[in-house]
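In the two assemblies presented below, chain A is common to both, partnered first by chain B and then by chain C.
Right, the complex of A and B next:
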């Protein structure tokens, strides 16, 4: 080794290294992308078949589409969150990460960042698919959706990463992820559905400022809780 | 067979110390009242049957498990208080490789070198791959490796930050002769850099050869201890522990 002594990376550098590692693995295996996109496609097809184009037109896109999109995202996300920690536990690599001299909050931040990127990629495919399968034009709402959706995706990625880490320690814990995460995410989904509906209907975002403040606050809360708990989660 | 680090480097203060270390899992007592001091240049072999508490002891020493009672000191510091600083002094090789199967050997080492803040992680990774005789396989995913090759990468991972203490939990189990020889060669090079280790093993002969001291654990307690370099009676007691 060179004469220079190791100097542990800071929070941001460690987070980026962990996110980059997760995304590199995903880029190589494409397991999460394939599983979540396929799952989302199946859910959308079922919804499209159940509602039919006429029902969506009669009820209005703003009534049907937000629920469809966020239910699809919630359950597709769970598939991804499960995979995110399965790769850590497969050969217990997370134990070696936990032994590294980095802030354990950075481990959470890195994994949450990778999950955020993967969810964003899924959303990028999901909205056009929804537009085609439910026969609703969403292009006009692209700009407000580009603000509203990532804001809620931050919260979803944080919760999924936090609960994914918790259940990965349990025998058959993956089955518990939805049971634990979805109730905690209920305020997030209520806000997401409301704000997405507003975006699709062309309501000015200013009218939803209390919802946007709520979700901003929830994002901060989820991050803080995760940073506080993650050290304990990584230890027995 | 590598020699343990030179006795000339022995220091008075323990490099790693356990005091009254106890760990319970619910009603089950995994370890109770373990006292152990490991000095620089004085590796220790841990013997004991499956379930005796060897792995639990190593996890407690590494700081990956919280003791129910008692404490650990790494170079005089409580790793639970010193946190990151104490973790940087320890390397761990376990039954599991603690590697990412979908990353190449070099990517794994670069990743862990980065997390440990090693300067020039890529150069360090390549040097370690040469050390464990895997320079030609550095670009292959670890998933494609045999168990022996994976354990060699695992040892390289544990050495990536040149820790003074290695905790080795049956690292050579299931290795073929070539992998065992490469593994021991790498350990010998670590010893030459003054690395000290605790080796949990079922192979008493290996433990006696690699460590000047041995400690036997039974039902979570220290049942016996001796010297591998001292009287033959000490070695005979250790051999009597072999199944």
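Right, the complex of A and C next:
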């Protein structure tokens, strides 16, 4: 059977290969990590200037910090999502990726996985920075945050990958990413801010069951919609 | 064929104009003035039909967008273009007429209540779809991208509503379990006729816009054929 054509890789191995490729490029260049972490730091500093350094003490950590963290994550994420597809533009690499004998959904899954890893790396820098710069004891809320934050990061990575792909097809479309993505991310954003506030204020997570259920459902929906629609985005 | 669609369009135009005149007559001359709010309540007869039809346009958008992605037939894309543009227009009017009523009634132009916020988010989503189509390099790409965004927007709207509802809970409920006293008969008639008039206007605008999109496609095909034969 050695003369038979090699079987194309299955969905899981194809998506893992794509994620591995993106992360390897990132490991060699460190472009996205540097750009997003620095950008996140800049946004944090701007927030501190805008609200005053002692805003957290005046208004309470639960009011200010979740908004600051998620706005920072969304904006820095957008910097990263744009880069995720710019990688493929060089030497028309996207054509090669699209021509690969694998399900186009696997391309989405791989890219979303890589974006999830990069966002998680960004978060591991952002939360300690927020804790230090805004003087909030986030370490005390580490356990609930460790559940809440990845749940919402999955959704953010999926939406970012989906919309990143859409704008990468449009000429000069990168300026549109935030405009298109953020309104669609409304439920994700409301849930993220609410659950993060609960985690910081020490409210038991059981009180937010409906939000956690919503975000779990959203994660599944975003993945399904992206898998269905990705084919149409990558065409041409 | 062409003749009969022209005839239908003219009939629709006459029906729209006639029902619009009837609605104005009922709203301003027949329906009694509301006891507490006075004349400002009249905007309700415009606001409610516009809002209901805006959400109807989302269903049409979903049909057109999903239908295009599934079958790749241009007719679905024409429906998707028309419902996105006319839906966006109606959505804009909802967002303008609402605050005109809200300021005297609630004391504020805007509140982050679920129906208002969802309408605003829908407006942004529709604006994004129109913008993305304008950025596309070919009409075919525009159709595909707009369809993808259309499906996402239509699926997103109910979830946005639920999420904002949990986030904030002040919109008047006129019908349904929260309300016991019915509308005065004159008011109900004015609302229903106004609803019909705006529905006809919506159908007319969607039909005209979809026909225009079909004509644009035909023109592009003719130009391409002419360029090839030269």
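Criterion: the second predicted complex is superposed on the first by the 230 of 236 C-alpha atoms of A that agree within 3 Å, B and C clash if a C-alpha of one lies under 4 Å from a C-alpha of the other, contacts with A are read in each partner's own complex, and residues count from 1 in each chain.
FYI, a contact is a pair of C-beta atoms (placed from the backbone, for glycine too) under 8 Å apart; a residue touches a chain by one contact, two chains touch by 3 or more.
As the structure is a computational prediction, the values presented were derived from the model and not from experiment.
**Student:** Where does A:211 make contact in the superposed view: on chain B (first), on chain C (second), on both, or on neither?
**Tutor:** Only chain C; A:211 stays clear of chain B.
**Student:** Could you look at A:82 and tell me whether it touches chain B, chain C, both or neither (first, second, both, neither)?
**Tutor:** Touch partners of A:82: none, neither chain B nor chain C.
**Student:** Between chain B and chain C, whom does A:101 touch in the aligned arrangement: first, second, both, or neither?
**Tutor:** It touches chain B, and chain C stays clear.
**Student:** Between chain B and chain C, whom does A:15 touch in the aligned arrangement: first, second, both, or neither?
**Tutor:** Neither: A:15 stays clear of chain B and chain C.
**Student:** Is A:92 contacted by the first partner chain B, the second partner chain C, both or neither?
**Tutor:** first
**Student:** Check the residue A:166 against both partner chains and state whether it touches chain B (first), chain C (second), both, or neither.
**Tutor:** In the superposition, A:166 touches chain C alone.
**Student:** Looking at A:7 after the superposition, I want to know if it touches chain B, chain C, both of them or none. Which is it: first, second, both, neither?
**Tutor:** A:7 contacts chain B only, not chain C.
**Student:** If you stack the two complexes on chain A, which partner ends up touching A:235: first (chain B), second (chain C), both, or neither?
**Tutor:** Both: A:235 reaches chain B and chain C.
**Student:** What is the contact status of A:184 with respect to chain B (first) and chain C (second): first, second, both, or neither?
**Tutor:** In the superposition, A:184 touches chain C alone.
**Student:** By the touch definition above, which chain A residues appear in both interfaces, chain B in one complex and chain C in the other?
**Tutor:** The answer is residues 235-236 of chain A.
**Student:** Mind listing the chain A positions that touch chain B in their complex?
**Tutor:** Its residues touching chain B are 1-2, 4, 6-9, 13-14, 17-18, 21, 24-25, 28-29, 87, 90-93, 95-103, 235-236.
**Student:** Chain C touches which residues of chain A in the complex?
**Tutor:** So the residues of chain A in touch with chain C come to 162, 166-167, 169-173, 176, 179-180, 183-184, 186-187, 190-191, 194, 210-211, 214, 218, 221, 225, 229, 232-233, 235-236.
**Student:** Okay, in this complex, where on chain B does chain A touch?
**Tutor:** 59, 62-66, 83-85, 87-88, 90, 92, 94, 96-103, 107, 111-112, 114-120, 123-124, 127, 141, 157, 161-162
**Student:** Which bits of chain C are touching chain A when the two form their complex?
**Tutor:** Spelled out, the residues of chain C in touch with chain A are 69, 121, 124-125, 128, 131-132, 135-138, 140-141, 144-145, 147-149, 151-153, 155-156, 159-160, 162-164, 166-167.
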